[in-house]
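There are structures below to look over.
You will see two complexes here that share chain A, one where it goes with chain B and one where it goes with chain C.
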Partner chain A sequence: MAQQMSDLEYLKLNKFQRFGLKFVAFFKAIPGWFKNLGIKIWAFLKRSFWGIVNFFKNLGLTFWYGDWKTKVSYFVMGFGSVMRGQWLRGILFFLFEVIFILYLALFGGHYLGRLYILGTVESTIGDDGTIVYGENSFNILLYGVLSLFFIVAFIYTWYLNIKQNRIGEEYEKAQKKLATASDDVRALVDKDFYKTLLALPTLGILIFTILPIFFMILVAFTNYDKSHFPPQNLFGWVGFDNFGLLLQWGNSEGASFSMTFGQILLWTLVWAFFATFTNYFLGMLVAMLINKKGIKLKKLWRTVLVFSIAIPQFISILFVSNMFAEDGIINGILGAISGGKLFIDFWGEAWIARITVIVINIWIGVPYLMLVVTGILMNIPADLYESANIDGASAWQQYSKITLPYMLFITGPYLLTSFTGNMNNFNVIYLLTGGGPKVQEYYGNAGKTDLLITWLFSLAVNDTNYKLAAVIGIMVFIVVAVLSLVIYNIIPSTRNEEEFQ
Partner chain B sequence: MATEKHGMSMSKKKKIANTASYIALGLISIIWILPFIFLVLKSFDTGNTGVTRDILPSAWGFDNYSYLFSSDCNFLQWYFNTFIIALFVCVIQTAMQFMMAYTLSRFRFKLRKPLMNIMLVLGMFPGFLTMIVLYQLLKTIGLTGDNAVPGLILVYVASSGMGYYVIKGFLDTLPKSLDEAALVDGANRMQIFIKVILPLCKPILIYTVLTSFMGPWGDFVFAYTVSLGSQAGMNVAAGLNSWLSPANIGAHFTHFCAGGVIVAIPVMVLFMFLQKYYVEGVTGGAVKG
Partner chain C sequence: MNKILKKTLVLLPVALLAGCNFKYTYNISGLVISGGEQEDLDDIEDAGTYDIKVWVDDRIVELTKSQIGQFVAANGGKYTINATIEPVGEEKAASSMLQDVQDGADLFCFAQDQLSRLKVAGALSRLGSGYVNAMQEEMVEGAVDAAKINNEVYAFPITADNGYFLYYDKNFISDEDAKDVSSIIAACTKDPSKPRTFNFEARSSGFYAASYFMATGCYSNWELDDESGKFKSYDDNYDSGNGLIAAKGLKELDKKGVVVSDSHASKLGESAAAVISGIWEYEVNAVKKLDEAGMLGCAALPSFTVDGNSYHLSSFDGYKLLGVKPQVDPKKASVCRKIARFLTSEDCQYERFDKAKWGPANKAASQKEDVQNHKGLKALNEQHQYAKPQGQCPGSWFTALATTAKAVTANSTDAQIQEILANYRAGLPELLDSD
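So, the complex of A and B:
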């Protein structure tokens, strides 16, 4: 707190003063975060610099002082290991080197060499009218990136191979026995069992998540779209041009893109806020209603709600979407009640559609929240309520002084993840409205209920406008990352990994 | 006398409060159940196959269901595809997530924190940013279109290690002394994992199997992209959704409803049976993040 007030002084303040104080303290703390961030980044840079210096120093020293086996290992990987009796490791090192060289020579090297320009040979129409394909920018980018990954992996393995030699020499000097092949195999189910377990999951993540994300980040710096679509056309690097579109205003195409982006981002945040908190508080309300003392058939009420989780979302959402359609059941019921006078075009009007989406999302999300909250409610010590009862606290006081603070404390991280989850809640929006109602002034056929994520999808799938889809993807990442960082610094963290063990 | 009166008003108050609660709960139940009743009603509607304002069908019959099983549509193919996908995904994904979670919970190694941070950051990218690349990758190896089923399995399971959080949260609550005792008894780490830890994980194991089995039934984005344009390669979500395009909805909305009922029933039965484990997993996951 800013002016170092004692707890007693703080307690004397009324609610609004306390809130004001916290509000001010929050903003006063912001420079501190940046300072801390700066310090961390500086420390990281320093550490990596010395890491690199040491890396080369070690390489040089090992080569200089090493024996001939070590020196050969700099060129023929695994040689030293085989000569020292660790034939399994040695052969694996050697095989990796062979595969790497073959890959670069026969396949990857070509793409890597073209990565800087992404191809120059255009496709042409041959004499017989068929297309003669030129270079394929997509393949150049993809396999170029793959080659880069491979090179990093190779350098790391090469370094490991040299480290093995250094260890080998030290062991020889100390006349200790090196791990044999059977020792290595045994370690893989014991001491190094984690390596065995991690091999497959991390390989999958590397190829199916990291490589594609890396690729798409690079696509944001190219002009990959409908008119630059391989294999018929080439695409190339354009630097920060696509991001520049976000900063334009006036009457150009870029201006329409940046306006649309701003409006959709705003709606995405508004949606995430309402979707998260309506579900949270109504879910809590329903859970408390069911768990109230004296309410019978608790299990029945709960099962009714859980029932709606059990049905695959695409069925329930698509059906509900059509219930609210112009000619849907809801309008049928409204008409029957009002004698044909009342009719609401739920998906036709921007604000009605937005409110309807939020209301239907309550229907979708509350059962889930009810389950989460029920588990936590059970954990609140009952004696808190008993003593509150004796002191004559009203139900509202018990809720706002005991239940709510406890819930907020426990579910702080969960609220954050559900907020960012809602920002990316593709299913609900896409299946309910498809982003509509579509409006002319929005770029790329976007609509009034489109989230960034659904807009990204339709840009990519309907318009094949990959460059802008990539830009939006990166912006979503930045928004989510910044929000997470800021909020994690505010909420009292309840996560301590080791605390349970 | 005074206290008695006070007591009476209290119990009366309570009665009113309880009645209000029951009314609220009744309304809530109706709101949550009603759409499904409408869904079932509509699936028996043979009077009008499009979206209508009618609450009750104008004509009843099983036509929509018999259409699903006739050779006029690919519903059975979609159903079979989804079932195969779900079966493979639930086995492989559960294995992947357990491997990741167990490692991060029980081993301390140099790259542990960096690995967790990388996965956290990767999770902040919108999931199907990767879609475009994955589609091209799968196309290169011929696993799109009609062959979408193995391709989809690959896409679902490959990165599933990133969803380790709930299981790790559970494993973290198992005391480390279990491992240590087994180590003293001469077991190696693999034996500890398989013989000591896994048997204790039954609730979370069932939760993981259940959620990963249900996932493919509802996935639309990847199924739609990978099977692009091929009726034979679609899953139920992509297939049934294709009946709701503006061009098809007039003729196929009741078929969609009937298909929805057929898809929902087995998943629902499974879910209701294993409800207890699902609830445990959800609450545990939310608290421990």
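So, the complex of A and C:
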């Protein structure tokens, strides 16, 4: 193995032997990875356990040894702070407690109490055309989750309140001065100004990003679809049943779903690969051609290419989609030059449609890459090329040993985001093909050019199948996260510049 | 908060897809005059002021506004209707009602194939026998059946024109050619210097592909469960000898560059010589232009020939319906039904034909001379004898049939076609759960 042989022995091997060596080493290392992973998980669990134990231990000790003001603060938040002269903090703690209790008693408690079953009373329609609305599973899930968030926030604030009392007591014992209300206000615009600035964005992210994501994840564990659509119908928890569909084989609905998921995932990866790298290398080629000495009218070529960026993308895509339609201009021209014999069903045949979307994506993406790459190319030190010329390096050697490594170092993170972005490139696919051509063997109206994201959209909006759309959403996240982590560790940009050079 | 999420989830795509539409809101307060016969059907005391939201196609927004005004006038000062009339087409109306019934319209137009889904979603309620009996007397044959689920009626028929027929350009297609699919295709390629297309969506749409199967006697009947409102069983013979004949007929449409899988009439008179579509395409400029030039032909669907036998293409007898959303207030429910009945009455349906060329479902309105002489409606009427009622079936059945039709046209041997039909049959149980 590479580790057991000397560097000299390793260098004597040919390319295939080195590859074989690394290949075997890769698989031999797998058990070690799992062992390390297990060790890390165990350490994390141990740390978490002791963290929780210490949390409760501290709470108990603070209560046991604390003075009466601290003890009352366990039940009336902010009491100790007010008694110690920190009335602003005390009042805020107390207000938060009052709001929390009122929220739970008057509103959130009801939804939280029904969260385990998501409702039992269905709406009923009478013969006279009247409706009596029952429970709404959507509202129960949404406000139930909101209430859970509120409870977590309350526990954290309650803990801060206790901590504040402990600090207060310590300060009193040490006869140190506690921060007054005016000190607190001053700190918010001075020492703790970051808290003031971050308060609103954090709240916004919590409500408009974290909460919906959490909600979406929970939907994947329900049967929320058109047959269970509130307010007329209820939906409920189904555990991992929806995820179970991904693992079924044979002749069942689940098998059809898992097969379709597998096929679409594969095409999504193939698409992301080609969409990213064709644009990357062709964009680089175009930029190098335009930058080359001796090329005239450089500004004109750049302007012509940038024109395609100037037009809103969805308009260009819709227009191109019509151009390639059965009776579009492309088939019109093909028919005219071949006397009606030549015809290509661009959107009707799976492989032709797949190749066409990749080619059209090149047309859309190359100008962007050309612009990005132009700036980087200009920054490659010219003396590197001069030295290479003196050493007699060919154009290809200069490209593969200087230009490409430099480009990969600089644009590595861009390539990664571009790859993950292309996996979720909704616009190009949806507007060009609508996911089609649709085929008999695919589940849920999916087509041969559908990406996971367009299929998700179709399931949610056209089929009202939120449960499976949520499952696909989670799977897309997992795939993108794993790929991002792996690629991020491979790209040269993560190493330092000295190492690169 | 859920409003924000629901709005984002439901209205954002709707708004994006529908584009910028104007919203018409107005207030009508009429004088007291004697009540019409509709009071007999809903005999509760329902005088008062009501806020009513109506979704109709953008072409009849102004007309609907005027007709609700007529309803108020006909009932004197009994009702004050604050009507909000929004331009929401049938397809969008159905999907929006399914997304959020509570926020949806009180009255809305939709295509009959959405009836069962809307009923399950709680967007429709059963109509009483008074309304049903009156409708059965006044509406054309099949119209009330289109609004039925398991013998209960859930909506008011507003048009009887949701089927399809053949539009053709007489410059290229003779009246004789228009009777046969092969002749139409041959006529399109007769002059190589002016090649034309035959636009027929049967290769990629179940709605149109069914015309071949029903022509050979195939059927696909779906039964709904009374309690859950879900489909519980089906009786389907598309995978049969007759299905094979239909599939072989469909293969004729695999004429690349000549038969285009499309149902828009906007290319008629330009690249297309014949288009199979519905009355909704009658008002597009290309059709109007051809009509003005005296070269527009409209006819029943053509026939196709397989193994020496000729089959006349079938179609769905489609209807558009006016739905009334169940209400919390019984008085408002009563008033909404009365307005719906008024909007689907003889005068209103005829006025709708006059202004927007919608084919009436009302018997008396459909028998008026100018309705009878309308080229498109006349063609639909001719096709009626070959058409089958479009019963309730899962929406995904159309997709399954579309992919089957596509697979059939891409394969040639009988054995391959039979395998495709067997795959279609194997996929049917899955559809029971999908809708």
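Miscellaneous remarks
Rule of thumb we're sticking to: the second predicted complex is superposed on the first by the 444 of 501 C-alpha atoms of A that agree within 3 Å, B and C clash if a C-alpha of one lies under 4 Å from a C-alpha of the other, contacts with A are read in each partner's own complex, and residues count from 1 in each chain.
In this section, contacts are C-beta pairs under 8 Å (C-beta built on N, C-alpha and C of every residue); 3 or more make two chains touch, one makes a residue touch a chain.
These numbers were taken from a predicted model, which means no experiment stands behind them.
Once the two structures are superposed, chain B and chain C can be ranked by residues of chain A touched, with B on top. Applying the stated contact rule after C-alpha superposition, one finds that A:473 touches chain B and leaves chain C untouched.
Using the contact criterion defined above for the overlaid structures, shared-chain residue A:461 touches chain B and also reaches chain C. Looking at the shared chain after the overlay, A:227 reaches chain C, while chain B stays out of its contact range.
Judged by the touch definition given at the top, the superposed model places A:153 against neither chain B nor chain C. By the document's definition of touching, of the two partners only chain C reaches A:127; chain B does not. Using the contact criterion defined above for the overlaid structures, shared-chain residue A:335 touches chain B and also reaches chain C.
Looking at the shared chain after the overlay, A:348 reaches chain C, while chain B stays out of its contact range.
Contacts of A:445 after superposition: chain C is touched, whereas chain B is not reached.
Judged by the touch definition given at the top, the superposed model places A:138 against both chain B and chain C.
Overlap of the chain B and chain C interfaces on chain A comprises residues 138, 142, 207, 212, 215, 325, 327, 331-332, 335, 461.
Remark: chain A residues 123, 125-133, 138-139, 142-143, 146, 207, 212, 215, 226-227, 229, 231-233, 251, 253, 256, 325-327, 331-332, 335, 339-340, 342-343, 345, 348, 437-445, 461, 463-464 touch chain C in the complex. Touching chain B in their complex are the following residues of chain A: 138, 142, 186, 189-191, 193-194, 196-198, 200-202, 204-205, 207-213, 215-216, 219, 286, 289-290, 292, 294-295, 301, 303-316, 318-320, 322-323, 325, 327-329, 331-333, 335-336, 363, 367-368, 371-372, 374-376, 410-411, 413-414, 417, 420, 424, 426-427, 430-431, 452-453, 456-457, 460-461, 466, 469-470, 473, 476-477, 480-481, 484, 495, 497, 500-501. On the chain B side of its complex with chain A, the touching residues are 14, 18, 21-22, 24-25, 28-29, 31-33, 35-36, 38-39, 42, 50-55, 96, 99-100, 102-103, 107, 109, 115, 119, 121-122, 124-134, 136-137, 154-155, 157-162, 172-173, 175-176, 188-190, 193, 214, 217-218, 220-221, 225, 236-237, 240-241, 244, 249, 253, 256-257, 260, 263-264, 267-268, 271-272, 275, 278-279, 282-284, 286-289.
Chain contact summary for the complex, chain C toward chain A: residues 1-2, 5-6, 13, 98-99, 101-102, 117, 120-123, 125-128, 189, 192, 195, 197, 199, 203-204, 228, 230, 256-257, 260-262, 267, 271-272, 324, 326-330, 333-334, 336-337, 396, 399-400, 402-404, 406-407, 420, 423-424, 426-427, 430, 433-435.
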